[in-house]
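Each chain carries a letter (A, B and C) given by its place in the written order, and its residues are counted from 1.
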Amino acid sequence: MKHWLWLAAFVAACALVPLFGNNYALRLATIMCLYAGLALSWNFIGGMAGYPSFATAAFFGLGAYVSAVLQAKGVPFVAAWAAAGFAATIFAALIGMAILHLKGHYFAIASLAVVEVLREVVNTAEGLTGGGMGINIPLQGMSADVQARLFFFVMLTMTVVLLAATIIVSTSKLGFGLRCISQNEDAADILGINTTFYKVAAFSLSAFGVAIIGAIYASWVQYIEPPDVFDILYSVKPLVMVLLGGLGTIFGPVIGAVLYLALEELVWRNFLTVHAAVLGALIVALVLFLPNGVGAMFRQWRKRPAVQS
Amino acid sequence: MIYFQVLANGLVLGGLYACIAAGFSLVWGVLNVINILHGTFIVLGSYIALFSYNFLGIHPFISVITAGALLYLIGHLVQSSLINRVIAAPVLMTLTLTFGLDLLLNNLMLVAFKADYRKLVLDNPLGRLELGPIFMPLDRIAAMGLALLLTFLLHRLLRDSRIGRAIIAVRMDREAASLMGVNVSRINAITFGLGAMMAGAAGSLLSIVYPISPLNSGMFLGKAFVICVLGGLGSVPGAIVGGLALGVIESFGAIWFGPEHAVTISFTLLILILIFRPAGLMGKRGFE
Amino acid sequence: MTALLELKNVSRRFGGLVAVKDVSVSIKQGEIVGLLGPNGAGKTTLVNVVTGVHPATGGSVLFEGRDITHMPAFRIARSGLARTFQIVQPFPKMTVVENVAAAALFAGGAGGMQEAFELARRQLEFAGLADAADQIASTLTLAKRKRLEFAKGLAMNPKLLMLDEVNAGLNSAEVEDAMRLIRRIADSGVTILIIEHIMKVVLSVSDRLLVLHHGELIADGLPAEVTNDRRVIEAYLGKRYAEKTER
């Protein structure tokens, strides 16, 4: 119950942005929702099931392209987004059945290779995707202001859906099974958990969320090209956000996304040429000093004065 | 016969690839760490060779020693001061750590050396070998020979030296090794240092083949991945077999499908092998 | 009575090594059977074969008359065949009750999360672990972790419970407790297979003993018969000793 109240609070806070904020704030809030959505999606496979997936960029790019190609053929954008989500879900289920029996680094590399291959495939299929030239998805008949608001609310809705899904999954049999798998897969198997099914479910769920966000992103920026949407940073950033907020927790990915965006903005503005280096240093510091995320630090800090209980 | 030429190109490239992968494979196999920094280490080796040649007139084949030594020091330091702290943490942590370090180092190199591709042009090239239908610059052959020699030396080091035995012991069973008096943290640092050393040496040799830029690090890292998966993990012979195999596959792939598909081919191969032969083509399982 | 578990000429090889060789055995409903053998005799491998962790490379395994030789492990677990681990394997970051609830939920046929937790608390009561229910599993003492394994096994609502070296590392008082618990489990209608390398421990509770040596079954019979079997004495104490007692 408590989770749902927090969710409502989050929505209320976000919904205030377009009322009071300027366009810059609206843009940041949209990116924040995008990041939070990616982090929440990755959390299903990476946090709950404990599988270090780097396939996020593959799903992001796949979603963006499926939706862009469909829209170029005249499909309305909402239908194209949904189609992108389902295409990625099926793709992830098939790929997942093939690579989810790999453990640790092997899985990580296989999932990374999926990104590379998919990017090249899209690059090569010029007839359909425009190849390296990219693809335009103009959105006609709407002022820039209206568009900015529209995409903010769409992105927010998606984040809320994913957050709700996270709450439901983590308190359900699926989430419980995934936690078992992440801690000891052999024991989970012996305990009667259909580990393959659970892992594939988590991977597909993750792909579904990421792909729809990718599709919305494509419509928002109105132009995509392979190196942009298949950027490996889309695989890495959600992972860092989740680490920042707390692996496998419910609100950790959202908190991590907010913190990450704040850091990114600060770094971008002040250290333009070395922003990647500063980001790298932050990641290093995070792994070394806050391996359980800021959430854990906060909890520990709260525990200390609790003498009376 | 064009195929002989393609095969020869592939084998020469493959020798250099073996050297790229040997250190990466060692670190992965022994420490269970995927060193994302490896590609950047290689590029750093190339820059050391480039500057040594341009400013001091030192031939890249000689720079192998200085680049190797410098990178060893960097590697040793990185492992002992940073990675050792989280060596027991889940895979995700070490992976993220080396990724962060790579962002840092690569970005600093971009700032210091700029992104543009530079070429190391030898003033006195050795000429070329003509063997029937096959043409090959002698410098490349020498670079390949040196790369294979270095890889072989690493192999001997692991097999015959005290340190090498300790590294193997840590690889087999970390706990047992520490109970037998092996200083595991120190061996970790030496292993990572050796991995970086091989990267530096490989970079220096590659400087006469590839244009040099920090942007190349991802490409080298990708190759190291593919070679390790092809040859099986954690063994030097595996790296040699995987390296030669990738070199040949890339050369033939380039003439059959076009050079722009090299990455697609090698990564598709990687996924297929992981799915169907996760122990590599040699069939020996390394360290998981 | 028909056999609950039946092994027909079961073998398991790992590359060139034959860990279990041509073992045929049947276990009846309601029995307490001890599986003995010196270290490295193939006992744990045999358990792994039955539970589907390392499926048999030869022969077949039947459970309640159904062929389960090549069934995936999780299905075997759901069909009523539970085991504990020699090296206890809890989910380390979960609480004790969560560990048991997982067993109840995924293999024990509990209808939902709530029912699973209720069942789990009951099993913890039975195993004498109720006090530790909300403790993190990795913080338990060894004796308590073994009890947790019992509770998990029971929560799976098994027809056959295989206990792999549940006594290793316990002191004699703790072993006594464990044996008492085993008898109570058997009284509730669960068939039990106890895997042990120390003979003394199982003699008192077992109806029947099986002895494995170098992967082969060398004895199958009442405890009194088996302990006097020459091959068994040889396996345990060496040939010389066997000859001496013969004389």
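Assorted remarks:
Keep this in mind: contacts are C-beta pairs under 8 Å (C-beta built on N, C-alpha and C of every residue); 3 or more make two chains touch, one makes a residue touch a chain.
Because the structure is predicted, anything quoted here is derived from the model rather than measured.
Under the stated contact rule, the graph of chain-to-chain touches is a line, running from one end chain to the other without closing. Closest chain to the protein centre (all Cα atoms averaged), using per-chain Cα means: A. Farthest chain from chain A (centres taken as the mean of C-alpha atoms): C. Mean C-alpha position of chain A lies 44 Å from that of chain C. Between the Cα centres of chain B and chain C there is a gap of 48 Å. Chain A and chain B have CA centres that are 32 Å apart.
Looking at chain C, one finds that none of its residues touch two or more other chains. Partner chain B is touched in their complex by these residues of chain A: 46, 50, 52, 98-99, 102-106, 108-110, 112-114, 116-117, 120-121, 124, 236, 239-240, 243, 247, 273-277, 279-284, 286-288, 291. Chain B contributes residues 28, 32, 34, 82, 85-86, 89-93, 95-97, 99-108, 110-111, 222, 225, 229, 261, 263-264, 267-268, 270-271, 274-275, 278, 288 to its touches with chain A in the complex. Across the complex, chain A meets chain C through its residues 171-173, 176-177, 179-180, 183-184, 186-195.
Those residues of chain C lying in contact with chain A across their complex are 51, 53, 72-75, 77-78, 83, 85, 89-94, 98, 101-103, 105-108, 112-113, 152, 156.
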